[in-house]
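In the two assemblies presented below, chain A is common to both, partnered first by chain B and then by chain C.
Here is the complex of A and B:
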């Protein structure tokens, strides 16, 4: 069995990484904090021109027809640069939700626009309380009990809630569900809501890997340049341990995230378990990275002037959204403590 | 009009390259490789000329081991139409490259050949000039603007102290400077399309060229590390040190 990414997937990652690392600098992120929406139309247009907004949109609607596994490495790269734009949410959460809904009119109306970058969709679950990027969404897909509703931006009123991560734009949305807006209900609604939770958690998990990687690299560079007692502080064992502990945690978090993307892409029955595992270990890695990297920066990592906090605060935000630690631990526990849990080496790759 | 663009595989410009411990060469093991930045500008210019309707085909050529095909594919993803890979394990030098390019130019009947002014690894700045001389055609080096009109190429060159605009009859060789354009990023659909574009592989022997190097590298070493500065007490002390220690005034 070949677990490696394909040549195309690696090439996409390299190409997108080049773009993101050149264009999404900490200076650009700070600039966006001061803008009215915190988002850049020009940047979104560039992302669309690169084909990113349409990655998971089916080819018949003008997209590339790719899946979650094709996008997971790109989501990591979005995390690496702390991309403020809602690209990962649109590609991994909004588009698959629209595809899954049994409503051709909605698909025809919105999927081509998402692919060409002229529309954005935000998906909100009650578990999250707040909706990401509702202020720039042209369409909102919102949960009401076991139902999902598709609501036009004109039919909602928004109240801004500040996040610890200034790049995250969170809104409390006031709206009224009706039969006309309902796109899924009952068992179908429940299944879709679980699928949305899985996709949102996967989006956080993949970006958390990128955030942890970035924080390590920033800290390795800093500890190589900062001298004390005539040596770079990175040469001292206590500092090395801080860094290597993150690197080990991060390395072991990658496979579960990729496994979760594979499970979702292939509609496997273990997807919820795989996603919860992935979110737990990847956000743990990012959380440890935030803690240790701040330590090796001598605590000034928390100051406004040092860019580390851009990545650190996003990692904290990801930790508690799309299901917090308790939520995901409970899902893993429900699976492994079940009387008929298919555990053991023979069931490792159970579909 | 057919445009030929040469691209070189080099260490990525953002990578800090180290010399090998024995000083024989730069250590490129596990180093990220990319298209030479000046060659990328050459590809972009050719693609823009095609988009303007000036060129009908953009052919990209690279020389070296099999890994060079990665850079050819990248150029194809940026908009080139066809690739040619001259496969060889020999460490190629500008004269051999220019001779092989000359053979390809003759075969392809290219009217415009665009190259980077130099590669960021060899820093030779010779291949374009040698190619023009071998082919007996005009050259416009260090181009910051290229306009094709009435069968001629108007090339604005960046020279010491200003700009010089020259007119070249075609076919001609143009080498690119940094400010000619800003290369685009390859889009995902174009990366996928690039895999289906034709890529021919030939050998130096097919082109009738012996690629054996004429220059031997004796030693490669990193630049001397910058020494820490000192704080002087007064302007007089600074002037004294500049005059008597640094001997720069």
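Here is the complex of A and C:
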């Protein structure tokens, strides 16, 4: 039993965090809103050079051969900077889906390209109904009932849907499933679809932790500088307690997210339960952060003038994508209300 | 990261489980807030001590097992699952004991710890005073060194002293430097409650039983050797006593996980009625998740500490989290119990109410004792988040 990250994992996180905080500034994010794709090829190349796009790609395909647990702290950092590039999706969702699809041709064709940054893959589930970053993906992996299909971007037509978070690029995809595009069906398809949902939800959960942390830090700074009644407003208890309440919920959302990453990385049968728990508590913390941080910013929080809204809007989006609150609560309920559910003390680490 | 218990952990768990199965009284003891129940619990402490299960984290030579925090968590899980008696001497063994090991003289340790361990001496705490509650540094009870230098002469009043009605000893902070202000000039003193000049006035709690008391000190002479740490170092010693690991020992996750599990069972047994209010099911779900979150976080912290990590200001989130969880769980149970919720368990028509009402009453105290949640929120804001002081 060792519920800690290794020195290597922590050091890697530190160095990536430095890079992200320097490069992905709020100014950069605003700049990308005005660009054609909302994405930066130059930035993607940098991420690839750092080995990040290939983190979960097996070494035989040119990646680092690491797992979800190695990446989860980095995903938190991606949330902290509100990274617009689809790095978390590629590492946590697309690559593991390709690895699991049992199709050597697809793996050989796409994994090396993801690792070297020359291709992106987007995965879409019916639960989400729109597909993230389909416009910059070279390959789409899409659900149709119990089937998964791999389709070249050239074979689909895309319809852009603008999100309140301008960094999110969402597309309705018109496409036709066929036997030739099917890569998983039946029980295998169902299992894969559940695994994809878990990975997408973990991606949101980890980023939500970072978003909440960032919103807290921005608000601590703002309320330390903003004076009213001759004092920094952050010295008032009513303001402090808004912030403390976020800190409490955030602190206790971290371990569930790490537990979920561990469950996925180790193929544990409790993964769906662990992920739903993680996503519910981490997005709840980020949602509370959005609410309370906006409140302590006063009218300024209601504007585009300060950067808070960049993080707040992403947190709102994460509430309902990759399984909304009802979806994840139902999964937890299915587990805990089942006959003979192994609940209570001593059962938390059942695999 | 490795989230599997080791073979050693599993064997330890089996050993705990089997001892408890053989020794936990089949009939629940009376509450320790009655004289008879207090005596029963004192005997239970002696029994635990005989099996060397009284304080597993204590060193072997003091009757413990040198258990690390993970073993401690495992012990607690089995303890709560076995519905073993509440710990009447928890102020002693979990709070004062470790502090004595850190600050006590050899003589103090030899004299006090064995009697603490076997329940011969049960300890009460003496922190609060009528005008020093949330503001603990406002302590005014005086301890003056006698002219001969052998005694402290204590005058003043302590209040909310948990277990003090039938306890044998009390620990607390007293002002030894009359000129001092705030947290300076305070000294940590261990006071036998049978000394001349001490009056204990029981205070009935919400359940009508005297779970705590006021203690009046009227020229009470306490030998200087009963001072813990140096004169004027009381605040430092008190902070160690109130530190995170001690807090963890008072409220380990198993307690809340078992409550959450009982809540799930209660909901399932009364589902049709309960579902008339859809928020009840949601509250049950949330309770289960929060209890699991508390457990996961505690394990993560324990593992970090075992590997040499340090506890930081984030530990001040702990008390708010569990006290709100406990209140939420019991409030939900009260909703499910519907019109029976208000009935005392011994009422003739109180079928199925279990001990939820008692738990509900006790849950009210969580956000208040050991530093109100408002004080905790201030600490989080200032020390963890770095917000400006008032």
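Here is the rule we go by: the second predicted complex is superposed on the first by the 350 of 351 C-alpha atoms of A that agree within 3 Å, B and C clash if a C-alpha of one lies under 4 Å from a C-alpha of the other, contacts with A are read in each partner's own complex, and residues count from 1 in each chain.
By definition in this document, a residue touches a chain if its C-beta (ideal position, glycine included) is under 8 Å from a C-beta of that chain, and two chains touch if they have at least 3 such contacts.
Worth saying up front: this structure is predicted, and the values here are computed from it rather than measured.
The superposed arrangement places chain B and chain C next to each other on chain A without a clash.
Residue contacts after overlaying the shared chain place A:251 against chain C, while chain B stays out of touching range. Vertex at the C-alpha centre of chain A, arms toward the centres of chain B and chain C: the angle is 80 degrees, rounded to a multiple of 10.
After overlaying the two complexes on the shared chain, residue contacts for A:327 are found with neither chain B nor chain C. In the overlay built on the shared chain, the residue A:280 is in contact with chain C alone; chain B does not reach it. Looking at the shared chain after the overlay, A:216 reaches chain C, while chain B stays out of its contact range.
When both complexes are overlaid on chain A, the residue A:316 reaches neither chain B nor chain C. Residue by residue along chain A, chain B and chain C are tallied for touches, and C comes out ahead. With both structures placed on the common chain, the touch criterion links A:15 to chain B but leaves chain C unconnected.
The overlay of the two complexes leaves chain B and chain C separated by a minimum Cα distance of 10 Å.
Every residue of chain A that touches chain B in the complex is listed here, in rising order: 8, 11-12, 15-16, 18-19, 49-52, 55, 64.
Those residues of chain A lying in contact with chain C across their complex are 1-6, 69, 216, 220, 223-224, 231-232, 234-237, 239-241, 243-245, 247-248, 251-256, 258-259, 262, 266, 277, 280-281, 329, 332-333, 336-337, 341, 343-346, 348-349, 351. The touching residues of chain B, when paired with chain A in their complex, are 73, 77, 185-192, 195.
Those residues of chain C whose C-beta lies close enough to touch chain A in the complex are 1-6, 9, 13, 70, 74, 76-78, 80-81, 253-254, 257-258, 260-261, 264, 267-268, 281-282, 284-285, 288-290, 292-297, 299-300, 302-304, 307, 309, 314, 317, 320-321, 374, 376-378, 380-382, 384-390.
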